[in-house]
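One chain, subunit A, links the two complexes that follow: it is found with subunit B in the first and with subunit C in the second.
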Partner chain A sequence: MQIADDVPPGLTALDRPNSYIGRSVPRPNLARLAQGRAQYVSDVVLPRMAHAVFVRSPHAHARIKHVDTAAAKKAPSVIAVVTGAELAKVITPWVGVLTHLKGLKSAPQHAIAIDRACWQGEAVCAVVARTRAEAEDACELVEVEYEPLPAVTDPETALDPKTPLIQPELGDNLCFERKLDAGEVDKAFAESDAVVETTFMFGRHTGVCNEPRAVVADWNPGEQRLTVYHGTQAPHMMQNLFAKHLDLAEHQVRVLTKDVGGSFGIKVHTYADEMATVALSKLLKRPVKFVADRVESFVTDIHARDHRIKAKIGVKNDGTITAFEIDDLTGIGPYSVYPRTSGIEANQIVNLVGGPYTCMNYRALARVVFMNKNVMCQYRAVGHPIAVAVTEGLVELAAAKIGMDPVDLRRKNLFADDAYPAASAAGLKFEALSHHASTDKLVKMMDYPALRTEQQRLRGQGICRGIGFASFIEVTNPSAAFYGVGGAKISSQDGVTMKLDAQGSISCHTGVSEQGQGAEAVIAQVAATAFGVPMERVRVVMGDTDNTPYGGGTWASRAAGIGGEAAWQAGKALRQNVLTAAGSILQARPEALDIRNGIVIDADTGNERIGLDEVARVCYFRPDTLPPGFQAELMATRHYVPRAWPFAFTNGIQAAYLEVDIDTGFVTLIKHWCVEDCGTVINPQLVDEQIRGGVVQGIGAALFEHCLYDERGQLLNGNMADYLVPMAAEMPDIECGHVVSPTADSELGAKGAGEAGTAGAPASVMNAINDALRPLGAAPLTDMPFTPGKILRALGKV
Partner chain B sequence: MKPAPFAYTKARSVEHAVELAGRDGEARILAGGQSLIATLNMRLSRPTLLVDINGLDGLDGLALKDGAVEIGALVRHAQAGRSDIIAKNAPLIAKAIPHIGHPAIRNRGTIGGSIAFADPAAELPACLVALGGEVVIAGGRGERTVKADDFFTGLFETELGSDDVLKAIRVPAANAATRIGFAELARRHGDYALVGLAAAARAEGDGLADIRLAYFGVGATPVRARKAEAELARGALDDAVAALADDLDPPDDVQETGAVKRHLAGVLLRRVAKQLMEGRQ
Partner chain C sequence: MSPQPAHDITLMVNGEAIAESVEPRTTLVDFLREALGLTGSHVGCEHGVCGACTVRLDGVIVRGCLTLAVQCDGRRVETIEGLSDSGELADLQAAFERRNALQCGFCTPGMMLTAQELLAAGGVPSRDTIRAHISGNYCRCTGYHAIVDAIESVAQARAQQG
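Right after this comes the complex of A and B.
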């Protein structure tokens, strides 16, 4: 890592006196959130605000023959009833493609369906009324005449010639296809001592946010400006898209994102109903609010996963992995989601399978097909949980087949810790990973040998426990390679503007945003450290396109690594500016000064020279006393984007320890471990909680969560009783450990940590279940989520 | 998720509640609201009038009377869970209550509401059947009692008419010979069970008599496994488990298939039989 020039040798820039880097500082927004003083979009109430509710298609696929709005228009308090055709006069449709995903295609999607509804839950008409309740009443009066059309719901037959086309103008139901062939796969399999082949299934699921999607749009015709209060992860991206599709300039649109009650990737997309709400505000010239209710969330919040992967691994008897091969098929919705597309997850899987290992023979095919089901897009850890489960599932099956300990087999094949820079078979570039150090640490944390002994002992008593591992790599800190190069106006760079106020505190305006994960705290820690004030004297301003530098927001584990570095650089720059001013006041050389604990000091002796308040006072109120020609600049802006590497890969390994009740098929999670390497750890507690929360969502995928569709495209369990989110009582203790390999692309050296937990948890749970059941002769379970019924069937009990 | 419009009245007495409920064809009694409000919000039901019985005198009693435990309709799950009278005299109910939802739900939800709502996967209806209890009902034509075995008539359907108010449930008080057993399998703590079993019996010599096995989550109502009861009375546990094939025909649902549920019912029978044999708890 780069050593900044202003610190003594042996220490890094991060070790400045009173550094907050590496400390579990309580997050500044804690009290506000805990006292119920947060401001979520649902809390926003504006004068003359109306509520939008959508009539949604009960059919997975139907022609909309007629929409009769007459009765609804007469209902109490109704302001407007608007069909898709009417709204299309104010808002243009969009197409979710990226040019770097070659061949990816999709059809124009409208804010409200016009001729056809293509999934159960798609909005077909909007009702705007003074209250949500009255709008819902009026919705029941809208009469839609549908002609049901055959629904395409099975990915396996989506490409058959006799399957109806969801978007006839596209010519087929294929959204995207990618092939990769690296090394000599056939030869490698032929030369293997053992080959394991199986099919993995990953159930469709979704990210259930505490706060549902919400938007309040306020078009002010007097100002010709649109203000959108939006629970989004990417305010600037949405500013651009609202402008583009409402025929406005970006400067006419302000997106305000205050508190967001969780997002997990769900809130980084363009949603038809949110776009419609914004268009309704423009149409009606008044504020309009839409807050998705829980039931509509299940049929409209993006779904994810839903992959069928035929997979194959070859090994030598000494444990050397010879080749990987996968054939991935995934059924998305009727449209590729805008603007990030529904092709990224499959693309990521192709990229990531085999990623931790040195094996260079790898073949992959991925096909993404349209379905008449809810749309699919990026959800926490995009593709990783699947790629990791496939890779690690194969690795443990291979280890079992050749009779080798699964940890030993990994050690034999993981990239060596001194092998970097390195590249994977799929061409991923690694700057510095620590697979072996992480594995060693994990094995020690869990006391692996003792655990195996305990497992054996309990097996004698008929208790069936399993240990499963998952090594992983994780994409973080994305450069423009993710979206920008594909033509999407999604910023990978981010900026921070820092300014000194008249009393010597700083405000720190950043383009990254807070979703509850603690980005605000991390930015404050970095800013306070870089500039030299206590954290109480830092105010972070985020989520306001009028008042923050242009930036990407929060996704792909980027806020700390990218936003943090921008804050670091801005803090250094402002410190320099303030010291120049102080030097001018004190008649001292700025280089001989520093700022510590909010006071300008002599860098050498630490002697206090002048308070920041005094510097600010002179610069703001008595600039006449400064030398002629000197202009103080008590505000600085810096931007950062990773340039040396397309992504800052992190790595890690997880282990699950669990018990299977072989009578009931129920799984009890006993303990979970995760060691990961996100580079510089800015706030250990926040990192650990990111890992833990991520692990829990991964466990959800492995055991509980599943959007169940029937063959007609009806979602069967779209409510909180039937869709099982993982809950605290069923979760194990999750112990976290860290290895630190900072990225040299930034001075801060921080990589992302938001998705590592989700990436590895499903694989480790799956492997642990199979480890538990293997001695009983059960066929390996590879079909997530692992319900009691599936386990009982594997055991031959039903 | 807002309910369709409805009117609301707070009843002044049980008689008043009966009268209000009878006056309006689409009236619904409001107790803890933990089930009713959800069905209203999802517009699965749309009554025109809610008759609020919360706070009415005479509905929140909990007492031992003439060899029976009488639990007033408005006794909250949490209150029942804390009650010594229930712990001593209706231990099956005490054992079942922690499985009902979560603390917030148990604080509001009522015993009467649970029985009246008659969710086929709910714990208390099955307990009532297992204990051979009865339901005390106030209606337009006065008060009547209905035996638990007759009370649950179909999916969310009971003997309660549109102008009936459930006043209390009564279960025989436990004595030294009473044996009870309870087990359920739910994916997450607090969920409605995939399958559950509430059981009661009388110890007789080394064996059991008057066995009542009431399954929940396997049909439209709590389901008595009568053949299994008979086999168990003979001390033939394996045969009792096998008899479930005749006794139960659980339908597939979104969580599991009927076949899995039937298998799980057998597992529960073994676990509950063990509890029944182990003596009074």
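Right after this comes the complex of A and C.
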């Protein structure tokens, strides 16, 4: 392996000399992480800091009859033992609804359960002690008297009249329902040459961030200020929510987020135990820390997926898709998660099924029902892996049924590359996609014909290999249409403030945040390019609500597209301001000047005129020498939010090549490919690594990951030994390719890339397994994860 | 479980002589992080699966969450902080950075200590061998491909230097 060095290109499409756009520059500050000098929230220690540990319900559903805290209060080093009712005096409950998801309902959720525990793992009491170990010791002394209640654990019967209600005041166990009927579905099915109908199952799984959720809250009564060190993806959103529920003004709350040990959508939600920790700090007037342990993470980090989808596709013999139909049922937790709700995943599935294809006949029903299981919400690629698996699973089953190559069938139905702007049957608006160019590129990269030949040859030797594809679209760069219009205080706009220091370097303060994706690098690359300095002279400041422009943070593949554009605009604005000052010093027209490599030059000749350090020196220390009335402004702020399109859709296609051992049911992944189109690529290496990391999470969903609950609502495998995650030995090398269709909504033209890998991988692996087993007469596998047992059952071997 | 009386231990940590008093139940990784402030070793699972807590004990990598601090009495512990300062990992760190073989970085110290053990055996291991060797270290971010690339490149470079 040779690590290719980043080579500066000549002039780029963005037309700036010494541009960093499109270059694989290493991320600034990686050395800190590589040397063990990072600062994760779990590392934070403050003077007088105490540790919170929670007593959690062992029952999926139980009335809390009595909590006896007397013995725990007397345990060594215990500072406080606090029940739900006591904590409710400091923090108000919340309700996870959005007005644009019409009819979505939920009940108020408390930081600590008061009368009833509604899932196994819900906190029922907090113990605060000087050390975590002592807090854990004291937890064992808290006596909780429970009256077990019937647990609702089967989505299929959740809406039956005889099923108990989880939240009686809501009237039923239905959180949200959506129906869609486009075109003439019945007629289209009737006119089809073949119809394929099947049921897809998607196991509940979760994010398993390597660093568990962590928070240190520090209420300082002297300052009347709350500082929260929080491993979150959305610092400003959390600032707003802490203020709202603790009865503070936003300016009294500072959220600080430095290094975060993985997030993937897990750390963008309101967690009851984190809210409780913040409230405990307010109550106890000292810093309080909570770090979830791994078992707590499994029972309280949001879960996702868990859908049962009955699905149907119609095709003509020439391969034309005539109609799609789905009936989706998903069982969430006892509450819709705040503030993003637990209805978004089902809503996305309705939006996305059939999305790459021109077929305009589509009917969908989605129902989201409450369960006495851990809460569910948005995890990386929200809805996409399911919608893509359903769509692409149906497409390959249909291709097999009419005897057509699955790539040919796709080519017949994908939106043409010159068809844009276009809209899908579900009404999604596409600005510019490249399904055909992407497919062509993928087929070439993998040498598809040769692979088919190899597959045939090996089949003759009893080796069972399969090739599976998945075309996909991905929602990125969300506008206010995602959450803001539904009433949530989640910013879709983001900003960058850029300022010149006294030595001619710049700092960029931004509302987007970093959990390892490389947002910091992207902002620095764009800022350096737009302003005209080497990257070593750019410092990025993020994750601090006191010191960054108001913004949304990093989620839904928005940081590069939205934060990047704000950096581009701020860089241009600051360049203008600096050139105005330089013009004033040099008695030159600012339009005749430019900044290159940190030096003000004549734009025409490239001759060096004055260093940025000198401009800064004059403006900061000798403004008396500037012309009367001239005021230099060496700081600029710009914001950006997508306006022309509700989302910047990206597209792509993946392929999996694998081998199934028909004696053991084990799947060996041989190779994986992904071609995707995220518009302008700011840093190719970072895009590829987002894709690769995302693909592996998608493979985890397809083969391993499953939160297994029994009928009493007990999680059976809540630890890392029993809940399987992808490890290096089982994962394949992943080859990435790109097609570039920039969005015209921004000058930079970048769209997101954080979720494409996760969106398409499960479908391609599923299709490859079925491709491998089809000649053996196995029934198609559609129930993820595809464990060896399920494969052997499909083969009729067990 | 209630605390047991503390034990006095002395050990070398990154070349420094340490004398501390620890509860018998304190794990090595908690001791390093909490008593010594060496927060470069991480806690991901506390049950021996993720490898985020990997440190060296008498030259051999161990799980800091499955080792008790009292077991380290009289022994030699090395962590990412010490191995960074000594320069032992410099080429591996540079390769990880250039290849973006770390995203959030939480797995990285443990991953590099594990990789260094394989590399110390010499030669250029195959990609499959590298993958098998690091299979006790969980990384949720990278998908492993870049990590394998980085380790492979260091193996090749070291082999060339002889």
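As a working rule, the second predicted complex is superposed on the first by the 785 of 798 C-alpha atoms of A that agree within 3 Å, B and C clash if a C-alpha of one lies under 4 Å from a C-alpha of the other, contacts with A are read in each partner's own complex, and residues count from 1 in each chain.
Going forward, a residue touches a chain if its C-beta (ideal position, glycine included) is under 8 Å from a C-beta of that chain, and two chains touch if they have at least 3 such contacts.
Keep in mind the model is a prediction, meaning the values are calculated, not measured.
K.L.:
Applying the touch criterion given at the start, work out whether A:A133 contacts subunit B, subunit C, both or neither, answering first, second, both or neither.
P.N.:
In the superposition, A:A133 touches subunit B and subunit C alike.
K.L.:
Go through the superposed model and pick first if A:R294 touches only subunit B, second if only subunit C, both, or neither.
P.N.:
The answer is both, since A:R294 touches subunit B and subunit C.
K.L.:
Using the superposition on chain A described above, determine whether A:A721 touches subunit B (first), subunit C (second), both, or neither.
P.N.:
In the superposed model, A:A721 contacts both subunit B and subunit C.
K.L.:
Which partner chains sit in contact with A:Q697 here, subunit B, subunit C, both or neither? Use first/second/both/neither.
P.N.:
second
K.L.:
Can A:L792 be said to touch subunit B (first), subunit C (second), both, or neither?
P.N.:
Touch partner of A:L792: subunit B, not subunit C.
K.L.:
Identify the partner contact of A:A729: answer first if only subunit B is touched, second if only subunit C is, both if each is, neither if none is.
P.N.:
A:A729 sits against subunit B and subunit C alike.
K.L.:
So, A:Q239: does it touch subunit B (first), subunit C (second), both, or neither?
P.N.:
It touches nothing on subunit B or subunit C.
K.L.:
Thinking of the overlay built on chain A, is A:G516 touched by subunit B (first), by subunit C (second), by both, or by neither?
P.N.:
After superposition on chain A, A:G516 lies in contact with subunit C alone.
K.L.:
In the overlay, work out which of subunit B or subunit C sits against more residues of subunit A.
P.N.:
When the residues of subunit A touched by each partner are counted, C comes out ahead.
K.L.:
Taking the superposition as given, does A:T664 touch the first partner, subunit B, the second, subunit C, both, or neither?
P.N.:
first
K.L.:
Which subunit A residues lie in the overlap of the subunit B contact set and the subunit C contact set?
P.N.:
Common to the two interfaces on subunit A: residues 133, 137, 140, 293-294, 719, 721, 726-727, 729-730.
K.L.:
With touch defined as at the start, can you tell me which subunit C residues reach subunit A in the complex?
P.N.:
Result: residues 1-3, 23, 25-26, 33, 37-50, 52, 79-81, 84, 93, 95-100, 102-109, 112, 127-128, 130-132, 134-150, 152-153, 156 of subunit C touch subunit A.
K.L.:
Given the complex with subunit A, which residues does subunit B contribute to the contact?
P.N.:
For this pair, the touching residues of subunit B are 1-5, 42-43, 185, 187-192, 194, 254-257, 259-260, 263-264, 267.
K.L.:
Which residues of subunit A touch subunit C in the complex?
P.N.:
Listed in rising order, the residues of subunit A that touch subunit C are 1-3, 5, 26-27, 30-31, 33-40, 42-43, 45, 76, 133-134, 137, 140, 207-212, 259-264, 293-294, 515-518, 685-686, 689, 692-697, 719-721, 725-731, 733-734, 757.
K.L.:
Considering only the defined contacts, which subunit A positions touch subunit B in the complex?
P.N.:
By the definition above, subunit A touches subunit B via 132-133, 136-137, 140, 293-295, 663-666, 704, 708, 716-717, 719, 721-722, 724, 726-727, 729-730, 787-789, 792, 797-798.
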